[in-house]
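In the two assemblies presented below, chain A is common to both, partnered first by chain B and then by chain C.
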Partner chain A sequence: MNKKNLIQQLRLTFSDIQLNEHEDGIIKIHAKKEQVKRILSYLKDNMYNHLALISCVDWIKEKEFELIYILTSYLDDKELYQETGDIYLKIRIPRGDPEIETVISVFENAEPYEREIYELFGVKFSGHPRLIPLFLERDYEVSPFRKDFDTRKYVKDVFESIPVIPEEEE
Partner chain B sequence: MREVELFFGPQHLGMVGNFSITLNVEGDKILKATANPGFLHRGFEKLMEYRTWMQNFPLVCRINVVEPDHMEMVYAMAVEKLAGIEVPERAEWIRSIYLELARVGSHLFGLWAYSNMLGFDTVAQWAMYHRDLILDLFEELTGGRVYHIYIWPGGVRRDFPEGFTNKIVETLHSIGKCVPDYNDIFFNNPLFYERTHGIGKITREEAEKWGGVGQVLRATGKPFDIRKVEPYAAYDKVDFDIPTREEGDAYSRIMVIRDEMIESVHLIFKLIEGLPEGEVYNKVPNPFKWKIGEGESYVRVESSRGELGLYLVSDGGDKPYRVHFRTPSYSHGLTILEKVLEGANISDVGNIMISMYVVAPEIDR
Partner chain C sequence: MDREQVIKALKDSGKWGHKYSLWAIYFGTGCGIIEIPPVITSRWDAERFGVIPVATPRQANLFLITGYVTLKTLRAIIRTYEQMREPKYTVGFGSCPINGGMYWDSYNTIKKLDKYIPIDGWIAGCMPRPEAIFIAVTHLWTMIDRGTADAYKKYRKQYKYYRKNQEMALGKLEWPPLYPINEDE
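Showing the complex of A and B:
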């Protein structure tokens, strides 16, 4: 299926998605969180079989998290690869109750990415088999990669308050 | 036999780098492996949100000790794409030469780790020495041995000094002269073949399913290389091959790395031959006042471990809004390694891990 057909098919299959094609060949799809698995497995079956990255951006002013799934292909031919291009699937979820379903059943390498986002942003992935911390040791009140977590203040509070033994008065 | 839980690393003879794996073993056989990263988590991506676009350069190169240069390149490319900065022709070629030198250096470092782990100490010493010769070149060019901060948005920091290309050629020739020795003592050594043949085997379908890139994928016969499919710098101006193997085991991965080193050296010679004259730097705005318009970009390069990507978001400010690196070791070390280790022998853990070129700083970031 070539790209034009794919875009048409995507618009037909998923009626309530917003799809923009950019000049540099990137397709950006904005969708609702309920559709994530269906869209990803549809794209996987149509050449986009390489999940390069799952990322999360904290849009604190809009009180939303944006999850970005970047898909490319494993084609080893230059023309075909560039013709296929990248797809960014973007999903906005409310900051207050961030939850989305896991996509491990579609892309197995999503597992550590989802764990990382859970740990650093506090986004819950329902159905994830081991949603446990990946990197960090300490407990944080606010997830550390959220915009309202002040790294510098945290460093000051935690590491500058090492108990100092006061000098004895003579 | 009783099932035992075994902690492998971060302090372990068979483990290179700060990475740990929890193994459930029965006798010698591994039933289940759980990767435990995080010993090198320094929160670079968050720290970068507090620094201006240019201030981040000393940070990005420190993310991965083994190949800082590809990190610089991918960050510079992302900034250039967001800000719409052009790079002069000569700078593109210099970048390619510089990145290929970095690839050879990084592979030699990898060869050190691998041969050291297998017990081929002599090869390890040679590889480290030869890597040092390449670091000498970097030192002359940039002033730094390990971290260079040479690639900037708009080009490279300075032009090659006089006679520098000759020095590169001489150095590479002196390393190349030792390739037959390396072959005799290591690559064609029956002991090496026996230790690695059929170990940590994965098929092409599995590699693609689990997000494998770089040597992991190329050792299964798939010639997938970002330099070819989405050329950056000057890689579309010269012709080069992508070495592959069919078996998908540790042996073929290491042989792919060896062939890649040799191919990189040939590529450097071709690049030096075609190096055009001209400027190497397009001026960028005052770094203290530089604001980049709203936008996002995902760029990728072929680092010596595979596809290295960067997702960079700007909200129109003088600092990045979000930075996220897609490192090749991430999928290799956290997804593929766990699956491949199941059913393997304890003595092969380090063997499998290093043959997949897993480096911990890249995973933790």
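Showing the complex of A and C:
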């Protein structure tokens, strides 16, 4: 299957997705959150066999998070490989109670990405086997990568409130 | 070494030994560690000054903190520092351990390192040149000669304050206090 066929097939299989093809070869797919697993497993079977990254954007004015699944392909066929650009699968979820199903069953390497997004944005991934913080040591009331997290206030409250060590008494 | 220095060295041979055998723990924190490989290898050759990197904190007596300190690294730094044998000297390297540097409003890096462990001296700059390390080492020699490089003594005396600050930053620490803490005082 080449790229043109793939785009046609995608449009046929998933009727309610929005699919844009860019000049630099990148295909951007906007879809609903219920479809994420189906689209990813479909793409995995059709050339795009590597999940490069899961990223998250906080659109605070629109009250939405946007999850971006970046897919690339590792193919033996060089001509086909040249032809394929990356695929960005973009999914918007509401900011109030962000939850989406995990894609570990499709791409196993999604696990640390999902944990990272969970601790930095507070997006819950239902079905994730161990959704615990990955890097952070402290508990944060607001997840630190959200736009409404006030870093300066946090620094003032936490780090500047720690007292300086007193000099020794003579 | 001229004759005057021989007498001086014999008079206070402990200090003489400490001065010329500053063994630095190879502990990479932040971006400053990139300056350490040229310093210890043939280009700048830190062994001229008696500074060599060692693998474990038990062998080391110089601790270079080479860059920003996240909370996770702070935990490792405290544990490493407490395992080092006295006399031990710490040098903050770069502007981040001094006052936060470019991470002054970060949610996850501590701003002033001397609130958590004692520091003998600072090397300012972002990044400092390798020559700055040697200037710091020669300053440290002078301080050892005068007996003013005594941050580890301060750690022992003011330990309860340090421990309190460490617990404020990291929550409950999973290792016991290094020195006994008198609660009554």
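Here, the second predicted complex is superposed on the first by the 158 of 170 C-alpha atoms of A that agree within 3 Å, B and C clash if a C-alpha of one lies under 4 Å from a C-alpha of the other, contacts with A are read in each partner's own complex, and residues count from 1 in each chain.
FYI, contacts are C-beta pairs under 8 Å (C-beta built on N, C-alpha and C of every residue); 3 or more make two chains touch, one makes a residue touch a chain.
This one's a predicted model, so the numbers in the text were calculated from it and none came from an experiment.
A.B. asks: Between chain B (first) and chain C (second), which does A:168 come into contact with in this model arrangement: first, second, both, or neither?
C.D. replies: Only chain C; A:168 stays clear of chain B.
A.B. asks: After lining up the shared chain so the two structures overlap, which partner does A:151 touch, if you call chain B first and chain C second: first, second, both or neither?
C.D. replies: After superposition on chain A, A:151 lies in contact with both partners, chain B and chain C.
A.B. asks: On the A-aligned overlay, A:112 touches which partner chain: chain B = first, chain C = second, or both, or neither?
C.D. replies: first
A.B. asks: Is A:88 touching the first partner chain B, the second partner chain C, both, or neither of them?
C.D. replies: It touches chain B, and chain C stays clear.
A.B. asks: Once the structures are superposed on A, label A:68 by its partner contacts, choosing first (chain B), second (chain C), both or neither.
C.D. replies: So A:68 only meets chain B here.
A.B. asks: State whether A:96 touches chain B only (first), chain C only (second), both chains, or neither.
C.D. replies: Neither partner.
A.B. asks: So, A:136: does it touch chain B (first), chain C (second), both, or neither?
C.D. replies: It touches chain B and chain C both.
A.B. asks: Let me check the overlay on chain A: which residues of chain A are in contact with chain B and also with chain C?
C.D. replies: In chain A, residues 135-137, 144, 151-152 are touched by chain B and also by chain C.
A.B. asks: List the residues on chain A that touch chain C in their complex, please.
C.D. replies: For chain A paired with chain C, touching residues are 135-138, 140, 144, 149, 151-152, 154-155, 158-166, 168.
A.B. asks: Looking at the complex, which residues from chain A come into contact with chain B?
C.D. replies: Contacts found on chain A: 49-53, 55, 57-58, 68, 70, 74-78, 81-82, 86, 88, 107-109, 111-113, 133-137, 144-145, 151-152.
A.B. asks: Can you check the complex and tell me which residues of chain B touch chain A?
C.D. replies: 37-38, 41, 43, 45-47, 50, 208-211, 217, 222-225, 228-231, 296, 298, 300, 307, 309, 311, 313, 321-322, 324, 326, 330-331, 334-335, 364
A.B. asks: Please name which positions on chain C make contact with chain A in the complex.
C.D. replies: Going through chain C, the ones touching chain A are 70-72, 75, 104-108, 110-112, 114-115, 118, 154, 157-158, 161-162, 165, 168-171.
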